[in-house]
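Before I ask anything, let me first share the structure, which is written out below as structure tokens.
Naming follows writing order (A, B, C and D), and every chain is counted from residue 1.
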Amino acid sequence: MISFGVIGAGRIGKVHAKTIAANPKAKLAYVADAVPKAAEDLARQYGAKVASVDEIMNARDTDAVLIGSPTGFHAEQIQAASNAGKAIMCEKPVSLSVKAIHETLKVVEKNKSMLMIGFNRRFDPNFAGLEARIRKGAIGDVELITVISRDPGPPPVEYVKGSGGLFRDMMIHDFDMARFLMGEEFVVVQALGASLVDHLIGEAGDVDTAAVQMQTKSGRIAVITNSRRATYGYDQRMEVHGAKGMLTAGNIRNTTVELHNGEGSTEDPLLNFFTERYGAAYANELNTFIAAIDSGKKDPRPNGFDGLQAQILADAATESWKTGKPVKV
Amino acid sequence: MISFGVIGAGRIGKVHAKTIAANPKAKLAYVADAVPKAAEDLARQYGAKVASVDEIMNARDTDAVLIGSPTGFHAEQIQAASNAGKAIMCEKPVSLSVKAIHETLKVVEKNKSMLMIGFNRRFDPNFAGLEARIRKGAIGDVELITVISRDPGPPPVEYVKGSGGLFRDMMIHDFDMARFLMGEEFVVVQALGASLVDHLIGEAGDVDTAAVQMQTKSGRIAVITNSRRATYGYDQRMEVHGAKGMLTAGNIRNTTVELHNGEGSTEDPLLNFFTERYGAAYANELNTFIAAIDSGKKDPRPNGFDGLQAQILADAATESWKTGKPVKV
Amino acid sequence: MISFGVIGAGRIGKVHAKTIAANPKAKLAYVADAVPKAAEDLARQYGAKVASVDEIMNARDTDAVLIGSPTGFHAEQIQAASNAGKAIMCEKPVSLSVKAIHETLKVVEKNKSMLMIGFNRRFDPNFAGLEARIRKGAIGDVELITVISRDPGPPPVEYVKGSGGLFRDMMIHDFDMARFLMGEEFVVVQALGASLVDHLIGEAGDVDTAAVQMQTKSGRIAVITNSRRATYGYDQRMEVHGAKGMLTAGNIRNTTVELHNGEGSTEDPLLNFFTERYGAAYANELNTFIAAIDSGKKDPRPNGFDGLQAQILADAATESWKTGKPVKV
Amino acid sequence: MISFGVIGAGRIGKVHAKTIAANPKAKLAYVADAVPKAAEDLARQYGAKVASVDEIMNARDTDAVLIGSPTGFHAEQIQAASNAGKAIMCEKPVSLSVKAIHETLKVVEKNKSMLMIGFNRRFDPNFAGLEARIRKGAIGDVELITVISRDPGPPPVEYVKGSGGLFRDMMIHDFDMARFLMGEEFVVVQALGASLVDHLIGEAGDVDTAAVQMQTKSGRIAVITNSRRATYGYDQRMEVHGAKGMLTAGNIRNTTVELHNGEGSTEDPLLNFFTERYGAAYANELNTFIAAIDSGKKDPRPNGFDGLQAQILADAATESWKTGKPVKV
């Protein structure tokens, strides 16, 4: 039985706690949160104990630490957990500072810790299925990837200010997916951005609408577009064009009901946001982590290197957007 | 050059005249219509002459007669054209009387005339493609056919009164398609009907909503549903279920444009009615007739026998609806 | 906390036990099964006790009985549970004998027991959503319902022999859905059937391919087609045509991935069978039952009357198929 | 009756000649082609005369000139036709040289000639419908446009060598559509390109796979991707995301037939290439030109300025691809 300490009892901590409780090989032992009541509520629901972060790190009966704290704590908590000999699952990003990521990965490497980063979309059954078919050769060599990702609505400006910006906060998922699907690193990044959804986001020095195109050394191309607002729901699509065909993965709707009348034929809106759209992905992700620990698998992906590379692309895109120039990585 | 006399310069006569004019192997020589101006207008448009029906039958420079007159004239005009040695293309139905059809087919057979009946839907590229795949074995043995056919709106009650009723006027197309797709004759017919769209249709002794299920000797089943009104356009769908799979053919919309917003995702309405939906089918049909004459092909389908069989099914369905009992054919 | 005794630890018993365990207002107290190991395994998994059916009926700490035993036991177990004052959730059908259903419902009525019948499809989010929109008037008066239901593959002939036949075993779900969507009782039933999938099914006196059309007193029509085999998966579709439009609910696929190449564009196969396709429906159904008990709601639907009516239609269809005549109900 | 001289009797000349012949307000008077037999065949088909380019320009009985000659002749022929007082419809591009376009437009302006450029896609019923809905406000302000355009297969390398390169030969249509849909000029262009389909194209100094992102002064973004090969057919899609929703226009398939079996559900491949896909667009385009002449409309769009702007974007993209830097326009 793999015993978990969960740091962070917010929205994502709750999602993960549920998966731990439902996995017969895992149990929730400790919950830490800066807000005592949040920790208590979550702990009580699953028969776990409330603890401080330090107590979790030092607990002998904890095999794995799940880090769902605010981004600013990720790097130090990964290091602490690594030094304490725990397996680590950490929400993205490792850090907004590439330098801090490098330092963190050194610690992880030194300790030979298992570290998985929470790029949940890799575990969405649709996108995972798409990637599996690429690897099986269904479309031959990959040539052109299109990632479309749009949130249903913009976050509060206060959130934006501390987020590192759209490229690091939102598009970082798409950078990871582009790497995941492409199977080759990108060497150049070109970005465009604008504040079209909420001018307050622009005034805070960020964008809410953005496009990035990237190229690998061998010439393959990925195009990503993001918007902080889609009136029709959480728009999450991928399309991979290759020498022998194209694979696409589309959106998911509330139901399959369609209304047909003089206006035309109308399908339901899309699933609203990430906890609904990626519910299965979050569970698959954590179950993969648990299975990796259980089977002694050394390096479940996405790992710290994947976290680093996505951050480097996000930094490059941010720089490209600010300078108006392509950035080599 | 195959020279045509067209009898009937109404909506369907115009559709066919256009196809004749565009076919390099055919020309429009004569047009007859009870309304002189209608005949004149159509004749002038294509450089043809106005003539009486008798003149067309007797014209030496006419190889083929296209009969688009009111249903009540079809049988006698087919017989006249057959006796005059013309190739004959006649709009459905041959007659509302099965007895009259038998008599007509005897004349056609005696003269060894070429006779094609205007079941245009067999020539729709979608349904023709579906049938071709059945014959190639794409789904193995056919087991269950579903035909859905709904007009955008009911015809005037005056039209209904002279139409022979929904089963003979509207569903006759679907009886032909069911036979075409099944490739085996039906031996039993069960019908239900109601007047739900327009109570005047019911008062005129007809139905506007109907379902028919039929079975072949070997047990295969076809299900047809009709409505005289579909708020979303002209609904024309077929589905054939077989031992190895299913083939479907769906509706066609005005454009591929979709609007996505908080209401959901809305596609365009369907093509409105038969001249739009079956434009290609009408042209393919008549070009097939012209090619059959040109190549000396003896028996282009659908022929008089197909016209007879569809009428027998329509009569059976009408009787089943009226008596509430299954009818053997 | 509503305490459950589950009778039957087979496939469907396991599905329901999981829902009970996950519902914070319910707990699994007892499991009974003719196969001791099956009962033990299921009981252990959720911390329940193994018991005999009699013990469950007499247990003071049991509020509700979930009957997932073989069909032959349903009627007597409902009566026993009713006489013991339990709330009862019973898998369909109540009985293959309409007479036995009447007797059972008398007992239920006398005791004023809460009885819900497991027509799970009413709780599928897609079909439930469709029905909700009908009731809200989205398509005006319902005129024509089409239900398509095809299993991925035929059951063993041994199962067929004890099943009561396709109309009572398989199509009974569709009879219930047709009633649910129509909102008016059917008064005439016409059935066709054949053994096209597996001749052993025919030799056992049953059919594997069937069509039924039914009409209400006011003339509305429902058409149901069933096949025991669909090579493309578990095909479950509904279409309701009304005065103001049409509502459809379609199939669900394994993923949204599509492959596009010279063969065309290929979507994933359908979810394979009922535990996958109706996973959410089973949970919603049982949670509705639990909520009904919890809130003191007297008559959650589908109730015993719904079970009776579906059985009457299934009997009528069986008779119509055997006699070749319409059956009035 | 508007009398046409057609210069160029190749594939596109034939398409246009057919439209002229079918338009009751126009007639084909003259055909010119460097290959006498090509001119003779086309002229004979529609009862026109063969003539030299000069003869067409000087013919008193010619109102309009349709220029479908090789690109290198467009500019001088537009100027000649303008000086001769003809209305001019010219295939894209006006010239591969922006300087030559400027000179040509000066002549056109001086003579106040009517000049329309053959960006046929604006007249595709799907894309035209999409644009019309944008202008009606269906999605509010446009924020992000995605244009996907992929040919079924690469052209011969010899063609590529004289084409001006992918950005000027193929993507120029997409530059025009991006301008058409956006309604605001682009001020910066970033391009990536690679030779992934056919290495001979790379050796000839061109690309076969490309991505471009562009931004307007107000920050709106367009993303275009091109490939010279799509195994699944001619892929032509547009998507416009705005403040109030998204409009999409998709591909068109050979038929609506779908095959459902254990492999999944397979739709037909796409219409193969531009003469099929844009058949209606070519006709609508030329009929718009004829109507503009007939009604005395001064400036039908797309006009010479549209031709110029598209060429400027194509040049900018070519430069951006070659230098690896963004280009301001």
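By our rule, contacts are C-beta pairs under 8 Å (C-beta built on N, C-alpha and C of every residue); 3 or more make two chains touch, one makes a residue touch a chain.
Just so it is clear, the structure is predicted and the values come from calculations on it, not from any experiment.
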Relative to subunit B, the most remote chain by C-alpha centroid is chain A
When C-D and A-C are ranked by contacting C-beta pairs, first comes A-C
Using mean CA coordinates as chain centres, what's the subunit A-subunit C distance in Å?
40
Need the CA-centroid distance for the pair subunit C / subunit D, whole Å please.
58
Two or more other chains touching the same residue: where does that happen in subunit C?
231-232, 244-246, 260-262, 268
Residues of subunit C touching subunit A in the complex
125-126, 129-130, 133, 138-139, 244-252, 254-262, 268
As the complex stands, subunit C meets subunit B at residues 141, 143-144, 146, 148, 150, 188, 190, 192, 194-197, 209-215, 218-221, 223, 225, 227, 229-232, 235, 241, 243-246, 324-326
Could you please specify the touching residues of subunit C with respect to subunit D in the complex?
231-232, 253, 260-269
